[in-house]
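The data blocks that follow each hold one structure.
The same chain A turns up in both complexes below, where it pairs with chain B and then with chain C.
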Partner chain A sequence: MMSLQYDNNNCEIGVFSKLTNAYCLVSATSASANLFTGYESKLKGVIPIVTTSIGGSGTIGSLCVGNKNGLLLSHTITDQELQHLRDSLPDEVVVQRIEEPICALGNAIACNDYVALVHPKLENNTEEIISDVLGVEVYRQTIANNELVGSYCSLSNNGGMVHSNTKVEEMVELANLLQVPLVAGTMNRGSQVISAGLTVNDWTAFCGSDTTAVELSVVNGIFKLVQSQPDFVVSEMRKSLIDTYV
Partner chain B sequence: MPRRPSSGRRVLKYQPLAFSPFMRLLSFASMARRNLPHPEDCQCSDEEISFDEKEKIPNLSKKGKEQQLSDSSDEEDSQEDVQADFEFFDPKPTDFHGVKILLQNYLDDKEWDLSSFVDFILEQTTVGTVVKVADDEDESVFALVTALNMARYKDNKCFRDLKEFLRKVCSEKTIANNLEMLLEKKAQDVGLLVSQRVMNLPPQLLPPLYDGLFDEVSWATEDEPTEELRRSFRFKSYLLITKIYKLKNPKQRKPRHGEDIEETIFLKPEDELFLELSSWSFTFPMRSQLVTSQEMKNYQLMGLVMAVEANKIPKFRKMLNSLIDEQ
Partner chain C sequence: MSVMDESGMFNVQQTIGSVLCCKCGVPMAPNAANMCVNCLRSEVDITEGLQKSIQIFYCPECTCYLQPPKTWIKCQWESKELLTFCIKRLKNLNKVKLKNAEFVWTEPHSKRIKVKLTVQAEVLNGAVLEQSYPVEYTVRDNLCESCSRFQANPDQWVALVQLRQHVSHRRTFFYLEQLILRHDAASRAIRIQQVDQGIDFFFGNKSHANSFVEFLRKVVPIEYRQDQQLVSHDVKSSLYNYKYTYSVKICPVCREDLVCLPSKVASGLGNLGPLVICTKVSDNITLLDPRTLRCAFLDARQYWRSGFRSALTSRQLVKYFVFDVEPPVSEATVGGQKYALSYVQIARESDIGKMFYVQTHLGHILKPGDQALGYDIYGANVNDNEMEKYRLSVKNGLPEAILIKKCYEEQRERKQKKSRNWKLKSLPMEMDDSRGRVDPEKTDKEYEEFLRDLEENPELRFNISLYKDKDYQASETASMTDGEGAPSVPIEELLADLDLSEEEEDDDDDEEDMAE
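Right after this comes the complex of A and B.
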């Protein structure tokens, strides 16, 4: 779990990068290599880290959505950038550009490797492509009356975090749909735009440097990132070893 | 083979503060019914679709009270004038995000502990003012003005970073000595005057804003609970870090059609007055560039650091009042 910053003390790392189980994308238009170095320190040799821009813009986290099976890009991406991505990412990852009017795919779609939540106004065509390319079940949803589910929800295969104003009933319903535990929280010191401040996959997470210790502990808990800690192992083992306390 | 980002410096473009939350509100109002064009309908493949403010940019934070000042601002959007009441508040912890956005480029593109700096500003409720629009749900911060005692915070990392930055950008030896004096020996009498705002803020707000600040400083010298705090507001000089536009090649430009080409353009009108009254000043080139219009292409953004003696402040207040009255 690492705290990162983009250029110029900007803590919205989720806007400038994308993290999945199979690859990591970082904005190429940064004036400093801080973000890249931060990711590299944890991910080097584990998964490829690719720098890119989308249509010349550095806000790649907002403009694309992906998981281990595929990557979907907004139609604003240039052919050159698309080819660069296809070359740099593993062959198993299907890279595709989609013609969708809502081109901020990262803001509109939240997904993990099995299920995706999408903006209610997404085109049907796009929904099919998402389901094919990313290999997920697609559900149209709003989160706390917000249509931009991608911005206000961050998902991994182990858990998810949603906008802090989400009602409990809604969270129960979503958790049933997504089959992962959910928690309502904030990132970057009270910001409700979760995925701007957080990028997460199954074994690690990166958050914006303004994130408080409380927010960090919530992230650690819900995304089950403390596997490597000895406490976790002992407590898990204890449950299976000890039947009754005398 | 993944490409590493090149180590060469790139020009950093950031959203100008001119695109203030207020302007954004107005543009949303006019855009409300607009349907997004389907990509296939676009004739030209390199037609720009503007993303402007991404939804992921945080909502600027909430709440407030205190002294009221009404002012109307004329904002034009499809020939509409908008009335706005600006209110002055004491800094509060919830203003964190708004103030942080205003101070993004305070030290050019240096990576420093901006969050702690903002925390110090917000903790100091006795001296400092935050300007917001009345009845604004978002409670966006439009302007900030405050004065921080250099010695009080000198042990903190953000101030050490700030001092290191100033020492690094000061290129003139004679001034470097003066700067060093203010930063170290005389630090307990030096106030760092932080003043940042959105670019299109009405200038009529400036006299009350600065009057308020200097009044608060003098009240603090009497009202603060401990002698140490009272002492810390008896500033003998103020240090300012601000931005100006300087002509890139001053000798080569010939005035066209008899117009005056100004050598220096001040983003904030009071900077010109401060510079006039300053004991010393220096400029340094800034790596980050604001998005500019065609007229500004001959100008380069420079940082300006100046020191103003506290006894010049009453004169400054008078000059500011007359400057704004003229406009």
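Right after this comes the complex of A and C.
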């Protein structure tokens, strides 16, 4: 668990980076030097940290979506960047570009290693690709009447955090789909854009530096970060699921 | 929700979840800032930049507050108007939305007004925060322009109306006072002064005096002239500062006066009289010939053209005993008043032996045994040129007596000074003692006569306001039952006086009753 900053005063680290169980992508712009060191201090030697840009833009968190099985990239990515990613990432991670009009994939799709929530207006073709490449079940959903499900929730295999206005019934429904416990919360001192303030995988999480202690404790609790280690992630997750929701 | 129920659609129940306040961790309903109200308040102060204390100016003389730049507004303490005024004085209040305002009680002597304002404003991502805060107004005393001018010199009058009637009594002024009160005509007078043979009205403005003179012109036959005196002037800017004086003369002929008309006027009125009685004075004069029941009206302009005076006035009325009344010869109704022409046999109270056989216009009310008031032309030493001329011109001499009205003194005495159940208001008049002292006894007597006139003459009290006298004891009237009594004012004509202390007294009475 670590608080990070992009550039000098920008706490929206989720926009500029992407963290999964198998790799971490960080924006290649010069302003992200701090961000990179932050990630490096925790993840060096555990998973590959790759600096890249997508279509020359630094907002890579918004433009791609991925999990341990694969990485989907917006159609704006150049061949060179795509090749760079394919070279850098482990072989078992499938890297693919998709022709989807909604190019902000990170904002439109939220996923962990098993389930994905997607924007209701995504094309059918895209849905199939997501299912194939990421190896997930795909559900078209909204969160608190927002279609940008990727922006308003952050998921790991242990838990998830959703928009603060999410109704209780809606949260139960989402938890049933995702099979993980959920909590409504905020990041970055009350911001409702969860995924911009938080990048999380099964054993670590990074959040914007504005995030308060209260918010951090909520994140710690729901993503089970305190005791979890990368090795026993899967078994732990299964147990908690059955405990809480079956 | 209810619309959806009625349409029979499936409706998902929605429960608002709770999130933790991002600062203090208190569970709360989610809002735009996702902070609890207390944290939000500590974070942002929406009253920042709003005025918390301010000075206002108050004129203690006229209880007005200064609305800059120059307007003075009259408001009561803790009134709605004062609250509006207080809120208007605050700057920057348009940046927030005012939701509520109320006075916080303060000691009136503290010279502080406290108003609690509740304002709303949008903060952090569109969360609406409501906050209330007190504003303290320091009340500074400051005389307003007109009050300070008045303080410096209370005699700041600009126009003076000198109202005069050159007669020996003040009856006209008693009546006029009631008319002025009824119409509130002198409400803008700075000062009212009672002087010999008249009243002075001081005004702060020429137009006020003008409108007052206009009012007088409508109620009494007057003649006036206006003069002005230069007080100061500024040649460069052509400013002239005058004091204006209106000299207003009321016609000296009063009701019940006997007039001997000059031959020119008499022929102008169709050979009326020339011995006539004045029966009514309003904006015109009503003259009645008691021997023919013919009647004539003179307006102010017609009167002042000749300017005749009365030969005998009501002070010279003599009491007569009526011995015999012959049936009326003719009858006439003049201005709602009925008259009947009869011959009567009368004798003076002072000299019962000498009987007169005269014509009178009071045939309808006189009965044998009555007393009547009239002019004793037979015995009077009349000092009037017109009368002398007329005496010489007629062959069979002047009538020996002319009766004016029936006398109710006897009945009144029987009632043993019964107090009246009504009263009149009076103007706040100052006395001017500079030109000889006024005899208070004489004034009282004249006032009593005026009140009697009011009782006897319904036409007279038509224009004035009579008020119920709450000190009057009703029980005394029960004893008076026999026959026709002296006329009195019917209770329906009286107005209830507005008196705020009355209610308290009633309460006291009730308590006393309970004790008994």
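The rule is short, and it goes like this: the second predicted complex is superposed on the first by the 225 of 246 C-alpha atoms of A that agree within 3 Å, B and C clash if a C-alpha of one lies under 4 Å from a C-alpha of the other, contacts with A are read in each partner's own complex, and residues count from 1 in each chain.
Criterion: contacts are C-beta pairs under 8 Å (C-beta built on N, C-alpha and C of every residue); 3 or more make two chains touch, one makes a residue touch a chain.
In this text the structure is predicted, and so the values were computed from the model without any measurement.
S.K.: Examine A:Glu169 and indicate which partner it touches, taking first as chain B and second as chain C; both and neither are also allowed.
M.R.: In the superposed model, A:Glu169 contacts chain C only, not chain B.
S.K.: Of the two partner chains, chain B (first) and chain C (second), which one does A:Asn107 touch, if any: first, second, both, or neither?
M.R.: first
S.K.: Does chain B (first) or chain C (second) touch A:Gly190, or do both, or does neither?
M.R.: both
S.K.: By residue count, is chain A touched more by chain B or by chain C?
M.R.: B
S.K.: Per the contact definition in the header, classify A:Ala33: touching chain B only (first), chain C only (second), both, or neither.
M.R.: first
S.K.: So, A:Glu12: does it touch chain B (first), chain C (second), both, or neither?
M.R.: A:Glu12: touches chain B, not chain C.
S.K.: Which holds for A:Val214: it touches chain B only (first), chain C only (second), both, or neither?
M.R.: second
S.K.: Between chain B and chain C, whom does A:Asp91 touch in the aligned arrangement: first, second, both, or neither?
M.R.: A:Asp91: touches no partner chain.
S.K.: Mind sorting out which residues of chain A both chain B and chain C touch, each in its own complex?
M.R.: Residues 189-192 of chain A touch both chain B and chain C.
S.K.: In their complex, what parts of chain A are in touch with chain C?
M.R.: Residues of chain A touching chain C: 164-171, 184-186, 189-192, 212, 214-215, 217-218.
S.K.: Inside the complex, what are the residues of chain A that reach chain B?
M.R.: The contact residues of chain A facing chain B are 5, 7-10, 12, 14-15, 26, 28-34, 36, 48-51, 57, 59, 61-62, 75-76, 84, 88, 99-104, 106-107, 148, 151, 188-193, 195-196, 209-210.
S.K.: Any idea which chain B residues touch chain A in the complex?
M.R.: 1-5, 7, 9-12, 14, 36-40, 49, 51, 54-59, 61, 96-97, 100, 104-105, 109, 111-112, 114-115, 287-288
S.K.: Okay, in this complex, where on chain C does chain A touch?
M.R.: For chain C paired with chain A, touching residues are 12-25, 30, 33-35, 124-125.
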